[in-house]
C-alpha cells in the first residue's frame, strides 16, 4: 500500500500539471480536474503564490461568469483561460480526440454526446490536459473514427493544444513537432509494459520509466482536509467516494 | 393666426409620417420627434390601433433596452426599429447627410460632433425621417462637403433609407429611383417660392403646392394635454416652450 | 408583444417544419410547454440547441418530431447518454448537424446583429467541417500572411422557447445572467416563454432588476407554468429531479419504454406543478 | 485582479502612447481619474470612444495628450460643440479616426471574441471609408450574388477606464445594464475602474445582483472616487451638473480659458466629492 489511492495520485498530478496557471475552467461533471485545481489553489494560497481561479461550468455557486454560456469561449479567446481538460471516447497517438462516436459518421454505431466546445477550446487554451481515467485499447486507438478536434494543426492560428495526457495508469507528454506522445511516468501499481499493452497507439518511452511522483504528505493532508470539504459542495458523491477510498488506502 | 404654432404643426406632421409603425427610436435631445411619436402613441391608444413603442436613447426612464449601447443597432438590424430621425449640418438634393463638418476633411473649418450611428441607421431603418427645423441654403446645399451617410445606395443590402424630409417650412417626399426630393406641402405662412429660395438644391414641385395639413382639433387637444404632460418628464424646457407658444398662437 | 396566454396557445406557435431554438439544461428549459407542443405533433422540426440539449431534445426526437437536429451535444448528464437520440442517430432518422458550442453562439449572435456570418477561431481540422458544409473557410482579410479562419452563417430561429422564473405583466422576462436567452430571443423571429409567475410590478423598474431582463419587445407570448422546467432545474428556484431523469433514461432505452414514459409525462407535469 | 488602490496608482496605468477606451457620458465616465491621469501627462494617447465622448475627451485633447482620436462623435450635449476638439481638428493636432457607433461596438466585440474582425451592414458609400482604410469591403461568403459587406478590425484597448456605482472587496464591479462596459473590459488588456463605494458583500451573491456585474477576472485596478463622474452624471446615482458643463463650454472656447478652467478642475472635483 503506497498510503494514497490512485484517485489521490491523479488529483495531485493534476495539481502539478496546473502549476503556474491563474485561471482554469472545469466541467460541472469533472470532479477529478476540479479537485486537482482546488488542491493547487489551496497550496498556492498557503505558499502565498499566485491566486488560482476555478470556473466550474454550469455551477450556480462556483461560477463568476455573468455573460451567459458564450463567456467561457470569449474568455478563452481573450487568453484569460490558462488551462482546460478534455477527454474523449477515443484518443489517438496524434492527440486527436473523438467525442462523437464509433463507426461511420453520421450513422455511428455507438454515439456519444457530441463535440461540445472541444473544437474551439482545444485550439485556444494554452494548457489542455487530456484526461481519461479508463486506460484501454478501446479508448486509446491507432486512429480515431471521428476527429472532434485535432491534436495538432499546421498553418492556422492555434495558441493552444495538448499539454499532457493523464490516465488511470500513466502520465504522458506530447511533442507537437513529432506529433507523438511519450510516456513520462507510470502510476504506482502499474508497469511500462502494462501501459503499452493497454494503449492502441505507438508512443515514445524512455529506457527507464519512472513512477509517477507520489503526493507529498502535505499535499495529501490538504487534499484530505480542505479540498475534500470544498469538493463536497459541488460534488458531494465524489467527496464521499474519496473519503471511502482513503480508508481503504490507509 | 391658424390656431396652432409652427412647432405644433411639425409635431402633428411627424405623427402622420410615423403612422403605421410599432417602434420608433428618438434621440435624447430630440424633443420634436419624441413629441410626434408620443402624439401617435396617444391617438393609436384612443383608437385602439397598434401599440407604439418609443425608445428615448440615453434616457434612464424611457429606455427599455437592457443590452447596452449596442442594442439599438442590433435591434435595428433585426428589423425591429420601424422609424428613426436623422438631421445633418448639411443635407443635399440626393438626401446625402453631413454630420461631420464643412470644408476639406479632416481639417474641416466648422466641425460638428460626428457621424454617430447615421452610417448604419440610415441604411437599415425602413422609415428614416430627415428632420431639420432650420430651412436655409446653408443647410440644404447642392452637395454636402462630407457624406456621413448617402441618401441612396446601389448594389448593397439596404432595407432602409429616407422616407420624407420635414423642415420648419415644408414637407418633402424623396424618390429613391430618381434620387430627388419633391415638395409635398408648405407649412402655413410660407409659399413654394419661399421654400425654393431657402433651398440650395433643385427638387421637383407640383403645379400647385398644397399647404401642410393643419393639425385636427382632436390632435391639438391630445398634444396640448397628455403629450405635453408626457414630454415634460423627459424634456421639461421644451414642454414649457410649447405651452408658451400655445398662448401666443391662441 | 409579451402577451400572456394559455400554455396551449403558446405551444401552438411551434408549427410543423419550424426552426426551434432551445436552451441548455442549466438555462431554464420549458418542459411543460414541451409536453404541450408534443400534443400538437408538429413534425419535421429543425431543433437548434443553444448550444446543447438533454431530455427535452431526446423527447422531441423520440416522438419523431425532429427533422433536423443542430447541436453541440445531447446528453442526460449524470443519467448518461440520451437513448432516443442515440437510437435515431443509428437509424439516420433525421438530418444531423453536429456543431461546437461557440459556433452555435456565434451563429445566433450573427442573427442578433443582422449580419450574414461571424468569424470564429478553431474548428479547422475537425471532422465537423466534413458535414457542416454551411461553415466556410475564408482568408482573414486583415492578414497579409495566409490565415484561414472559419465563418459560420447566421442562425435565425423561427421560434425560441425557454422557461424563466418570472415575467411582469408588461411582457418583460427575468433572465438573470443567462444572457444566451437574450441572444436567442433577439436572433429569433418569435420568442415564447413559460414562467413560474407573473409580477405586477415592472421588472425594468430599478437599474438593478433591469440588468437581468429580456425586454417585452423581443417576447411574443408568455404562459404561466409552475415548476415548468421539471424534471430539469430552474436557476435560483429549484434543482434537478435526478430520480426522474434516471427513470426517463432507463425507460427510454426502448421505444416501448419511451412510449410508456411519455404516456404519463404530461399528467406528472401537472402533478409536480 | 480587482485590486483596490489609490486614485494615483490607478491613473498610473495609463502610460504614454497607450490605447485608452472611454465610455459615453451616460455610461459612467471616470472624471476624477481623468484629472489624475492629466496630472501624469501621458502623451500620444490613442483614445477610443465607446462610441462617443464629451467633456472627458475634450479635456484630454485640450491638454495635448491625444495622438489619435477614434470616435463616432464628440459633443458637450446641450452645452453645444466640444471647443478643444473643434480647435484641434481645425489645426490637425491629432490623427482623427472618425467612426460610426455600431462599428466601434463591433470592433470591441471582435476583440472580446478573439476574432480579427466582425462584419457590419451599412457604411458603404459613406465618406468614412475614405479615411478609415482599416475598414475593408469583402464579398459576403454566403451569397451567390454580389453582396459587398464591410468588415471592421478588432479594437483591443490597452486600458479601459470607467466609473461605476460600486465594487465589492473581491473586485467585482456593478455595471447594471451598461453592457458596453463589459465588452470594453473584456476587449481590453487592462481595465481600471473608479467607484462611489466598496461593498463588503459579494455582488455575485444573488442571481439578481450578479446579472449586472463585471466579474473581477476582467478588472485590473479599482479606486474609490466619490462623485467620481462629476460634472457628468452617474446612472442611478446623480444627474449631470448642467451649469458646470456650460461653464466649461464657455471657458474652453479659448486655450487660455481652458487652461484657467483646468487649473481649478482637480480642486473642484475634490470639493464636489
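In this document, chain identifiers A, B, C and D correspond to the written order of the chains, with residue numbering beginning at 1 in each.
In this section, a residue touches a chain if its C-beta (ideal position, glycine included) is under 8 Å from a C-beta of that chain, and two chains touch if they have at least 3 such contacts.
Small disclaimer: the values here were computed from a predicted structure and weren't measured.
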Report task. Look at all chain centres (mean of CA atoms) and spot the one farthest from the centre of chain C. Result -> B
Report task. Name the chain pair with more contacting C-beta pairs, choosing from A-C and B-C. Result -> A-C
Query raised in the report: With chain centres defined as C-alpha means, what is the inter-centre distance between chain C and chain D in Å?
Result: 36
Report summary line: Per the C-alpha centroid definition, the whole-Å distance linking chain A and chain C comes out as 29
Report summary line: Per the C-alpha centroid definition, the whole-Å distance linking chain A and chain B comes out as 60
**Report entry** Chain centre separation in whole Å, for chain C relative to chain B (CA means)
**Finding:** 41
Query raised in the report: Taking each residue of chain B in turn, which ones touch at least two of the other chains?
Result: 60, 65-67, 73, 77, 124
Report task. Return the residues of chain C touching two or more other chains; collapse runs of consecutive numbers into ranges. Result -> 113-115, 120-121, 147, 149, 177, 182, 207, 210-212, 235-236
Query raised in the report: Classify the inter-chain contact topology: is it line, ring, star, complete, or other?
Result: other
Report summary line: Pairwise touch list, complete, is A-C, A-D, B-C, B-D, C-D
**Report entry** Parts of chain D lying in touch with chain B, wherever the complex brings them together
**Finding:** 24, 26-27, 50-52, 71-75, 77-78, 81-82, 85-86, 89-92, 96, 98-103, 105, 109, 120-128, 130-131, 146-149, 177-183, 235-236
**Report entry** chain D - residues contacting chain A, complex
**Finding:** 1, 111-115, 172, 182, 186-187, 204, 207, 210-218
Report task. Would you mind writing out the residues of chain D in touch with chain C in their complex? Result -> 106, 113-121, 136, 138, 140-143, 147, 149, 151, 153, 175-177, 206-213, 235-236
**Report entry** For the chain A and chain D complex, residues of the former touching the latter
**Finding:** 23, 51, 53, 60, 64-67, 73-80, 124
Query raised in the report: Which residues of chain B touch chain D in the complex?
Result: 28-29, 58, 60, 65-71, 73, 77, 99-101, 105-124, 146-150, 153, 155-158
